[in-house]
Amino acid sequence: MSILDYFSAILLAGGVFFSFTGAIGLFRFPDFFTRVHAASVTDTIGVILIIAGLLLQTSFDLNIIKLLLILAILLLTSPTASHALAKSARHGGLLTLAESNRSNDR
Amino acid sequence: MTEVLIDLVLLGMLAMTALRVIFLKDLFAVVMLFSIFSFVSALIFINLDAVDVAFTEAAVGAGISTVLMLGTIALTGRTEKKNSHSSILHLVVVCVTGAALIYGTMDMPPFGNADNPIHQHVAPRYIEDSPKEVGLPNIVTSVLASYRGFDTLGETVVVFAAMIGVLSLLGTARPTNKRATPESGLAKHRVLHVVAKIIIPFIILFALYVQFHGDYGPGGGFQAGVIAAAALILYALVFGASFAHRIVSPRQLEVFAPLGVLLYASVGLVGMIKGANFLDYNVLASTAAAGQHYGIIIIELGVGLTVFAAMLGLFYAFSNQVERSNVQ
Amino acid sequence: MNLWQFVEPSMLVNLAIVVPVIGALLLIAAGNYPNLRESVTLATAALLFTIVLVITDNTFNAVAMETTWVALFPGLSLTFVVEPLGVLFALVASFLWIITTLYAIGYMRGHKEDNQTRFFFCFAIAISSVMAICFSGNLLTLFVFYELLTLSTYPLVTHAGTEAAKKGGRTYLGILLSTSIAFLLLAVMGTWAVTGTLDFQPGGIVADTENKSLLAVLLVLFCYGIGKAAIMPFHRWLPAAMVAPTPVSALLHAVAVVKAGVFSILKVAIYIFGIDRLKEIPTADVMLYIGAATVLISSSIAMTKDNLKARLAYSTVSQLSYIVVGALLATPIAAAGAALHIATHAVGKITLFFCAGAIMVAKHKKNVSEMAGLGRVMPITMTAFAIGAISIIGLPPMAGTWSKWFLTIGALEADKLIIVVTLMISSLLNIAYLLPIPIKAFFAKQAPSAEPWSWAEVQEAPLPSVIALTVTSAGCLALFFFPQPLVDLINLIPGINGAINGVG
Amino acid sequence: MSVIVDYYNYWIVVFLMMAGFYVVISANNLVKKVVGLNIFQTSVFMLYISMGKVSGGTAPIIIEGVTQYSNPLPHVLILTAIVVGVATTAVGLSLVIRIKHAYGTVEENEFQNEDDAI
Amino acid sequence: MLEQHLPALAILLPLIAAPIVFILGRSTVVWLLATFTGAWASIVAFQLLLTTLAEGAIHYSLGGWSAPWGIELTVDALNAFVLLAVTGVSTMVLVYSKESIAKEIDKAKHGFYYTAYLLAMAGLSGILITGDAFNLFVFLEISSLATYTLVSLASDRRCLTAAFRYLIMGTIGATFILIGVGLLYMKTGTLNMLDLAERIAAFDRSRTINTGLAFIVVGVSIKLALFPLHRWLPPAYTYAPSAVSSFLASTATKVAVYVLIRFIFTIFGPDYVFYDMGMDMVFMFLAIVAIFKCSYMAAVQNNVKTILAFSSVAQVGYMVLGISLVTTTGLMAGLIHIFNHALMKSALFMAVGAVFYRVGSVEVHAFKGMGKQMPFTMAAFTIAGLSIIGVPLTAGFVSKWYLVSAALQQNLWVIAVLILLGSLLAIVYIGRIVEAAYFHDVPEGRDASKLKEAPLLMLIPMWVMVLANLYFGIDTSLTTEAVGHASEWLFQSTELLEVAQ
């Protein structure tokens, strides 16, 4: 194993870790907005790390460009999607946990 | 061994998803689970070397089908009601069918074995001779477009037939009333607007890439058509259907879809006029290889056109229904 | 005779079947002009009769006549072959068609019926089917036209269009179609499967068949499949069909339809099983006794019926079984008697029906109990009725005598005394239910009118009807004194072979 | 053990198929029926793709130096079948929408009660 | 030049006409074009039949790729014969459609109607003459999708649920067929039917092939509405527009029966299916039950289209019964009944559609008095009804004759009796309608003067079918020759041949 492979492995492991935490968060967090937050971790840092790890695995050819493009597109769309989700939820009248607690207290 | 492991994990996920679908009453969740099911099966397809299939499954199963299903539950309500009648009979039917299939697996050729009959008969010729006979590196495209081109014509017609069915049922999208253009739910999303404007050209570019690169890598007219349609669907979702109608109107789609079929068929007819059998591309140009190449490009275009028009048409029809119900 | 001398003898067979159809089409064309329409009908009937006469002549001269239409199945065609039994039936049917037409004109006009064109049209089609049955060359042809006959007479039965007519029609069609499809077709196909042919051949076609029990089953299927022979318990359609206008009852349900039934049974007995072979079939006896039982039971029922036409209908059921019995006795003489009975019973029974119809038209009376003293008003009709009744009973000097005589001889020859006794008892029953009617008509005491009888009292049916019933009653007499032509014809039938040569 | 290695894939696929099939025939909600139909069909696609797999093979796109390819024919067939599947889904869902309009419900037992079922 | 392309033309004509029709939209031109296409396709079918009878099977390699690598169209006496029935009847129904759908389908949807109709035709033709098992599935789906659309075009809302049920059942059936074909492919590596046949015969009969057979049979049985998998059919035929009922009843199930025959005889071989697997007893039992149960169901219905629909299921029973007798004659009976039943059912549904056109209802009581008001229509109905019953000189008699003789050849007297008893039930359900037409007056409250005879464009195709019923009941040479060839060829090279004769 070359040094690149070690780096790659670390990056991939990091990506897997963040994806995994994102998934756990999706299940464990208490309300919609925090869950979206957890999910977007998977979409952003998890994906970045995994693609970076993969970049180190490929030889220098067309695949690198493809991977970079994928990364670019994902970085563009995933946050947008999270944003749209959250905003729609808000638009639809969904309250955060804190807000709903407050309204319950009142 | 890794392949097997991945395969097992994915299949396990599928099994869980499927079981969940049976018991869930929330249709929105059911549809999302189906979408997941589709995605995971696309992954399995990749793992099983079926890249073209995976591509299509992701675009169609996870993409178009899900959109259509979501549109439907938006109209029909998102919970399934309690079902009182017993389903023992159904369970028995399913168990018997499943038992028959398991019985059938007992004599199946082992999974993945290169000596299986299907790898020994018919297929070797595709793998060995198609680069010479058809001249494309992507064997799937060669078989799809040339050896079994008639199937693909049928497939195109199926898409066309589906469009006919949906349009006749839901009505063609009526010309949008300018004044009463309903605000898309997403109209106020500045971020979405910006990102969509950035990304849509790339999607269309990608569609064209898939269309013309299908000979060399995974892809082809069908996937390209779906992706191109997806670009416009995104546009319609973000900016509202009336704007999308201005780019490609429903009436135009009603012409594009049949035109694609006709384009495909006419390639075959030209072959017939030149004295060969229907869909024989060899005679289209001076050499067989060039003929095959032209033929495949044109028919892929036909497929792409029809699929694009049909998929977009389906979306228009569904969204039209949703809008109508919103207005009411 | 000269009329048809330029026509191929075989062509005559086609003509006999086609002429009524053409007549039917013509009379539809003439539908709006009653006089023209009825002239067409009469002319067609007359033409048909001449054709049948020529065919008869040819038969005596042993000219072979046969024709094939189309092959329905490989090796099976619609084929027509002239043979003496068929000629006999054709003669009876075509002659009586003329008379009935005459009668019908009077009856329909007198009764002011609706849909007269449809009536005459279906009538002609029915006659065409009868002709085809007469000359059919194989079982398939017989079956085909047997069904056509059923269908073409159905509108006639339901002619009145009333609830009762519909009910009757349903019974009629239901029983006839059901039995023919469920039993007759099966029997036909069974014969085909067993023997590989369906042609009518002298001596039968089942001679080589070893499987007796199969033949036994086939025989039963034939007997019940030919529902038109009205063997009990499948006789219900015949009384039900009496809702039809009287000319229909007269021709079709005394002559054409029912006779087509018994004719078919005779034909099957003679040309499919063969008289000799028939004796060996175990169920022949069973069916024979069922036939005999039918004779007695239906006679008894007839006595209980007050409605004249119903009484006549049960009488017909009974008389039909005579013929079935004759066929199943499986002796040449009995078969000959059965064949002769087709003719004699036809003439007798049609007379009776004509009379019943005439009474209905003139006096609107349907029930026997109302007919006392009617002889004063309708002397000709009631005289004819008496003649017909005597003929049916089988007393000299009427035609029925001969056929009953031969049947009895045949039964004796076959050593079936029970049958002889049955025939005797039946004759007595006939007397009991038929003769009282004319007797009461003429001799019943009538309190109010003490004045001597004068012509002024007479209120006969319209003239054509009276002519018709006179002719047929004369026929009853004539056939007693001159049965020879018919006897000669019957003697030509293979299997009978001159068995009754000495008579006449 | 070898039996399991040889067939495990098919068995799970059969299970998936039957899960989908069960949803189709037992679901009372029409949308769910259609979803079940899709799961059923997708699983059948997996059966086909599974049989086309060759251990150690690669995707059937000619690359220099590779000799072992998976079988392309099942892929072609399934491409077609997927399209057929989505076509059926689209028509089925449109029918569901129309049924909703006409009856106000998409639960099978409810609209069957409204009409006299044959 | 066109002669060599006849097999391809049979599919391509409607296939190409469909998109053109869709582009042209709704007008009389579209109707003319569709009818013209249908007529041309019928002529092609007729030529194909003549050619196959004279010269034997035709093989046409699409794309110039020889089988089993490419897809091959294979035309023999069997499918050319069924193709002729399907295209001929479809064309007549097309002629009939113009007036009928004007009444029953929203004018805006006429373009959809003709397009879907042509697509269905193309699909059915494709199923019939393709020589490739998977290609068959594709065309099956084309025709199915098009027919779901056609059924749902009616204005009665119940057509929607009927179409949906049809869609679910049809798709399950198609998926079963797909599974079956997959299993066969897995064991043999080929999809070409003839190649499949060779290789199945060559290999040991394994459990996989058995299962494949089972799935294909069940899948096809759903499509052909074999009892007890028929539940989708009665509502579909009842609530579809009349022209569509007429089209479907006379073509769709027939083509499915063809598929069954093709799979059993050409691909698996009768020895295997009937002797090793004992399917004949299963088929025979189901067919008999279908005949009685569904004839009875027909007799108690009040909607005439439902009556005819149940009658169709019963008649499918006759076809399957013919197949299950496993003799050349039995198969001939089944095949000839495919043809004849197409003739009679289309005529019956056309007549019902004509009554609907005038009265606006298809309940039995709507037929009251129609014998006077619509004499030609009801005469057509009556004759076609007699044909269903199996009265001599009609096409139905010919079928029944062959069926009964096949049963008798096998010494199955009980079966023969049951067949004939089954036709008695037909008397009941046809009789009810005929009686209502001729012996009842037009019910109160219905203006008799408005109930005229149906328009000529409906009467002509109806009577063409009726006359065809009579013609093929009298001159059986064409049908007999074709089915004789076909069934002999199907039994060829099987050990059963000696048994069969």
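Letters A, B, C, D and E mark the chains in the order given here, with residues in each chain numbered from 1 onward.
Heads up, the rule we're going with is that a contact is a pair of C-beta atoms (placed from the backbone, for glycine too) under 8 Å apart; a residue touches a chain by one contact, two chains touch by 3 or more.
Quantities reported herein were computed from a predicted structural model and do not represent experimental measurements.
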| item | value |
| --- | --- |
| Connectivity without chain D (remaining chains kept where they are) | one piece |
| Contacts common to chain B and chain D (chain labels) | E |
| Most distant chain from chain D, judged by the mean position of its C-alpha atoms | C |
| Label of the chain whose CA centroid is most distant from the centroid of chain A | C |
| Leader among chain pairs (count of C-beta contacts) | B-D |
| Approximate Å spacing (C-alpha centroids) for the pair chain C, chain E | 44 |
| Chain C-chain D separation of Cα centroids, rounded to whole Å | 70 |
| Inter-chain centre distance, chain B versus chain E - centres from mean C-alpha coordinates, in Å | 31 |
| Inter-centroid spacing, chain E versus chain D (mean Cα positions, whole Å) | 28 |
| Where chain E touches two or more other chains, by residue | 134, 138, 141, 145, 148-149, 152, 179, 185-186, 191 |
| In chain A, residues with contacts to at least two other chains | none |
| Interface hub residues of chain B, defined as touching at least two other chains | 101, 105, 108-109, 116, 118-119, 122-123, 126, 148, 151, 154-155, 158, 161-162, 165, 169 |
| Interchain pairs in contact, sorted by label | A-B, B-D, B-E, C-E, D-E |
| Residues of chain B defined as touching chain E within the complex | 100-101, 103-109, 116-123, 125-126, 146-151, 153-155, 157-158, 160-162, 164-165, 167-169, 254-255, 257-259, 261-262, 265, 268-269, 272, 276-282 |
| Residue numbers on chain E that touch chain B, as the complex places them | 5, 8, 12, 15-16, 18-20, 22-23, 60-65, 68-71, 109, 112-113, 115-116, 119, 122, 126, 132, 134-135, 138-139, 141-142, 145-146, 148-149, 152-153, 179, 183, 185-191, 199, 206-212, 214-215 |
| Of all residues in chain B, those that touch chain D in their complex | 3-4, 7-8, 11-12, 14-15, 18-19, 21-22, 27, 30-31, 34, 37-38, 41, 44-45, 48-53, 56-57, 60-61, 64-65, 68-69, 71-73, 75-77, 80-81, 83-85, 87, 90-91, 93-95, 97-98, 101-102, 105, 108-114, 116, 118-119, 122-123, 126-127, 131, 137-140, 142-144, 148, 151-152, 154-155, 158-159, 161-162, 165-166, 169-170, 216-218, 222, 307, 314, 317-318, 321 |
| Parts of chain E lying in touch with chain D, wherever the complex brings them together | 134, 137-138, 141, 144-145, 148-149, 152, 157-158, 160-161, 163-164, 167-168, 171-172, 175, 178-179, 182, 185-186, 191, 234-235, 238, 301, 306 |
| Residue ranges of chain A touching chain B (in the complex, touch as defined) | 73, 76-77, 80, 83-84, 87-88, 91 |
